[in-house]
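The following blocks contain the structures, represented as structure tokens.
Shared between the two complexes below is chain A, which has chain B as its partner in the first and chain C in the second.
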Partner chain A sequence: MNLFGKKEKNAYIIIAGCGRLGAGLAASLSLKKKDVIVIDEKEEAFRKLAASYGGLTMCADAADLGKLTDAGIQRADVFIAVTDKDNTNIMAAQLVRQLYGVRHVLVRVYDEEKIRLLAGTGIEAFCPAELSEKEINRYMNWEDEDED
Partner chain B sequence: MKTNILLAGGYHKALSVGESLLQKGCQVTIVNADKRDCERLAETEGFKIIWGDASKEFILKEAQAAKMDIVIAMAPRDEDNFVICQICKKIYRVPKVVALLNDPKKTAFFYQMGIDRVVCAIGAITNIIEEQALMEKMTTMLPLTNGKINVLEIPILEQAGFEYTKLKDMNLPKDAIIGCIVRGEHSIIPGGDTMLMTGDIVILIVNGEVKEEVVEIFTGGKK
Partner chain C sequence: MISAKSNVYGILMILEGVMVLVPLALLPFYPGDAVYLPFFAVPGGVSILLGRLLFFRRKTLAAVFEERESSRVVLFAWGYGFLLAALPFLGLRDYRFTQILFESVSGLTTTGLSVLDVERMAHIYLFYRSFLQFMGGVGFVMMILVFIQDKDSMEMYSAEGHPDKLMPNIGMTAKVILLMYGGFLGVGTILLRLGGMTLFDSVIHAMCALSTGGFSNRAASIGAYHSIRIELVTVLLMLIGTTNFAALLLLLRRKFRQFSRVSEIRFLAVLVALFVPVMTLFLTYQNGYGISESLRLSFFNAFSALSTTGYATCDYSTWGAGAIGVMILLMLIGGGAGSTAGGIKLSRVYLVLRSFFYQVKRRFMPERQIQNLYYVKPIEGRVKIQGQPLEEAGTYMGMYLLLYICGTLLLTLTAGCSLTDAMFEFASALGTVGLSIGVTGPAANDATLFIEIAGMLLGRLEIFTVFLGIVGLRKRIKRF
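And now, the complex of A and B:
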């Protein structure tokens, strides 16, 4: 998916959850001069952000409508839900999609079974276990062997 | 056949709702993630208890969610209730799913996402507090649609000074209508020329935003 093509050079990105993935993503997007804000419930989570991070941070519940408005959800082009709680991610993703029509909504879901809930919503869900499995299979070429 | 009801999450609420449903002759299944809570709930005869996270599909499967007539999600966190209801609705096709909600601002969103009933405890408590505060003026209030519309019952006292005032001269707010006037044994469906008498009881339908103003008008606080 080419999210940051020429047309969306100044895409505004909201990241919910400042864990290792959220913080890493925020830092690398900020290095690329993207407009980024990271939301996390815990203030200390922002310590994970690299010193070079030039975006914004907000200490709030990622599914709070008022706080999302403060974060500028109306003008957001991308919403990435990567908190450590599946249910929070799933609800926040559908909330921003349904109420604010955010174009690109990405969500991390640990529990593979819950991805079904997002079918047909236009929300892009990914599961770390599934991705790791694919990577292992790719590395070992097991999938190719099956075809032989 | 007995109505099958699943209560997902919560201890005190599950116990109290569950016992009340048992008395009504329902088949009650309770899912709770805390083992000790499960053991205490199991002391009540008649409950079927499942220990586990109710927002997991396999736990709901074990609880036979697909056979349920009603699922009530009452975990403390809104997002957990949301996911429980979505799994029950989308995957297990439960006819009626009910979610407990803390944040009143998400009520409309929950309904939009296909949850059949949303119970907002804070909203309900707010309405009760408001009603109690207005009760001083001898008013009964029935909030509908989460307090957006209210039905008010107001007795007309002498000090209100409405004797022989026509309704059309009362300058009622636009969002309030008088549904009925009860005078002794009779009920009157009023028109603009109807006059209020001391001792009447007025039944009003008002928008939540103007209810204080309406109460003031009819209790004589403001003319």
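And now, the complex of A and C:
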């Protein structure tokens, strides 16, 4: 209950892609009282959002500059690109980073090779396959054996 | 003290207790009203205490969500509110309990039908009635959302009949709406004061016009002032009250072009442009008013009906059937979705009409040609008309009209009035408008009042929530 107290700036997060990851992320961030907007091409995608989701949704192409402006990209602190298309993710991230200088840009890229495209841009990229591999190695302690 | 872990019913009881206590702030200005102090202090105090006691039963918001009872919470908030808000009226000794309850329901649902004699009522009660409308205009759930946001906040928010998200965060949305609401109250009060009302009257009328409530401290309502300036300011406030909050936010952000593209706003403009001249015509030919007189009357009253406010500038019982019919139609259509207004809502009527014209047009189109229909919402922008919203709008409109016919017929039975009068009066109750053709008044019997109470409740909470809550309650009783 902080009505008139100190006004701290709430992180404004734009999530592109309302798939399983995007929807889950949006719902949990919204519960943490962050400002969230989710963008997806298909209206039906928003059905995956939990009923408790209290943020905004927008039906648009994630790489559409005009729509990103409508979504308030100038004010955004975090941009997370998690659509199912690597190229869309990378392009949207580059647009957002280079034109608007959003501070934190995170991208999911399925194809490990493409991560190289983002080297030196300040965009944080992660690859599900690579992460899974790491997790499996961690679980089986295989990495330690390598060093021996 | 209040946190997301507190019992949601307790929070509501505390909030509503505080609401009853607020009019006491008027006592320093009207010390003569101090005799009524206990009638406000006792119910308010007890409610706050009870609410606080509920906190010890650790039933958190999260638990409420798991039981899927968000519509029951909303129903409780309103049911409890009606009873609690009725209690202070006990201080006015000349009325039956039904009449008091009617006044409280009429206040909180922002209807504005009244069975009390306002001309000789203490200031504190006049303020209290209007304050109930002001609170009822935004709803209790909206208000608690400013303090707490939890998993099921969003569900309760939509269960109370708020369709829009304005901000990327539900708590912020509630805060922005309340800020706008409070800001408009300030502006409205100043404008009415400049229009020539006393300060007390300005506050009261600004609160009731914004919440599209329509309580007045004059029996003749706005008509008692005989001032065109006051009428114009009131129309402006009613217009604000009936406009979707999301669209108002566009205005405040000076996005005028986007605002003018919103379908609801355009539809509203078309309705006004169509029906004000029609009503003027009816009034001139059927009632024999002069052109300028009937133009002024129809302008004000059309807005009053369409915005479901219910301020009047004349006595409708002398009007011809044509003008009354237009008024009934406007009351049924009602205001914007996501505003404080009632009725079927502009957006639903618009959707159904668009869909109807498309169906007609499709007969003449090649079989395989498809045309996409769009309508413009304030936040989302262009949205395709299809599937669920369309179905919902159609069902709601049908159900609304069925209930309307049932209520009208019941009213002719209980009040012994003509069908026209019953139609007018029940459209006014169901649409939470508050215009009266003379059926509702101190002389109305209990059965009539209860039918209208049911109408106001269904109209404010939007039919579905009431039925969801009742079905949920029945399931629970069956389990025992």
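Methods note: the second predicted complex is superposed on the first by the 139 of 148 C-alpha atoms of A that agree within 3 Å, B and C clash if a C-alpha of one lies under 4 Å from a C-alpha of the other, contacts with A are read in each partner's own complex, and residues count from 1 in each chain.
The definition used in the following text is that a contact is a pair of C-beta atoms (placed from the backbone, for glycine too) under 8 Å apart; a residue touches a chain by one contact, two chains touch by 3 or more.
Just so you know, these numbers come straight off a predicted model, no measurement behind them.
In the three-chain model built by superposing on chain A, chain B and chain C fit together without any clash. Once the two complexes are laid over each other on the shared chain, residue contacts for A:Q94 go to chain B alone; chain C is not touched. Of the two partner chains, chain C is the only one that A:N10 touches; chain B does not reach it.
In the superposition on chain A, A:D111 makes contact with chain B only, while chain C stays out of contact range.
Contact with chain C, but none with chain B, is seen for A:S30 once the two complexes are overlaid on the shared chain. Look at A:E43: by the touch rule set out above, it reaches chain C but stays clear of chain B. Within the superposed three-chain model, A:G66 lies in touch with chain B and out of touch with chain C [touch as defined at top]. Draw one line from the C-alpha centre of chain A to that of chain B and another to that of chain C; the angle between them is 100°, to the nearest 10.
Of the two partner chains placed around the shared chain by superposition, chain C is the only one that A:M58 touches, whereas chain B remains out of contact.
When both complexes are overlaid on chain A, the residue A:K85 reaches chain B alone and has no touch with chain C.
For the pair chain B and chain C, the least inter-chain C-alpha distance in the overlaid model is 20 Å.
Looking at chain A, you'll find no residue that touches chain B in one structure and chain C in the other. In the complex of the two chains, the chain C residues touching chain A come out as 2-3, 65, 146-155, 157, 165, 167-173, 379-381, 383-384. Remark: chain B residues 55-58, 77-80, 82-83, 86-87, 90-91, 103, 105-106, 109, 112-113 touch chain A in the complex.
Listing the residues of chain A that touch chain B in their complex gives 63-66, 85-88, 90-92, 94-95, 98-99, 111, 113-114, 116-117.
Interface of chain A with chain C (complex): residues 1, 3, 10, 12, 30-31, 33-37, 43, 51-59, 70, 72.
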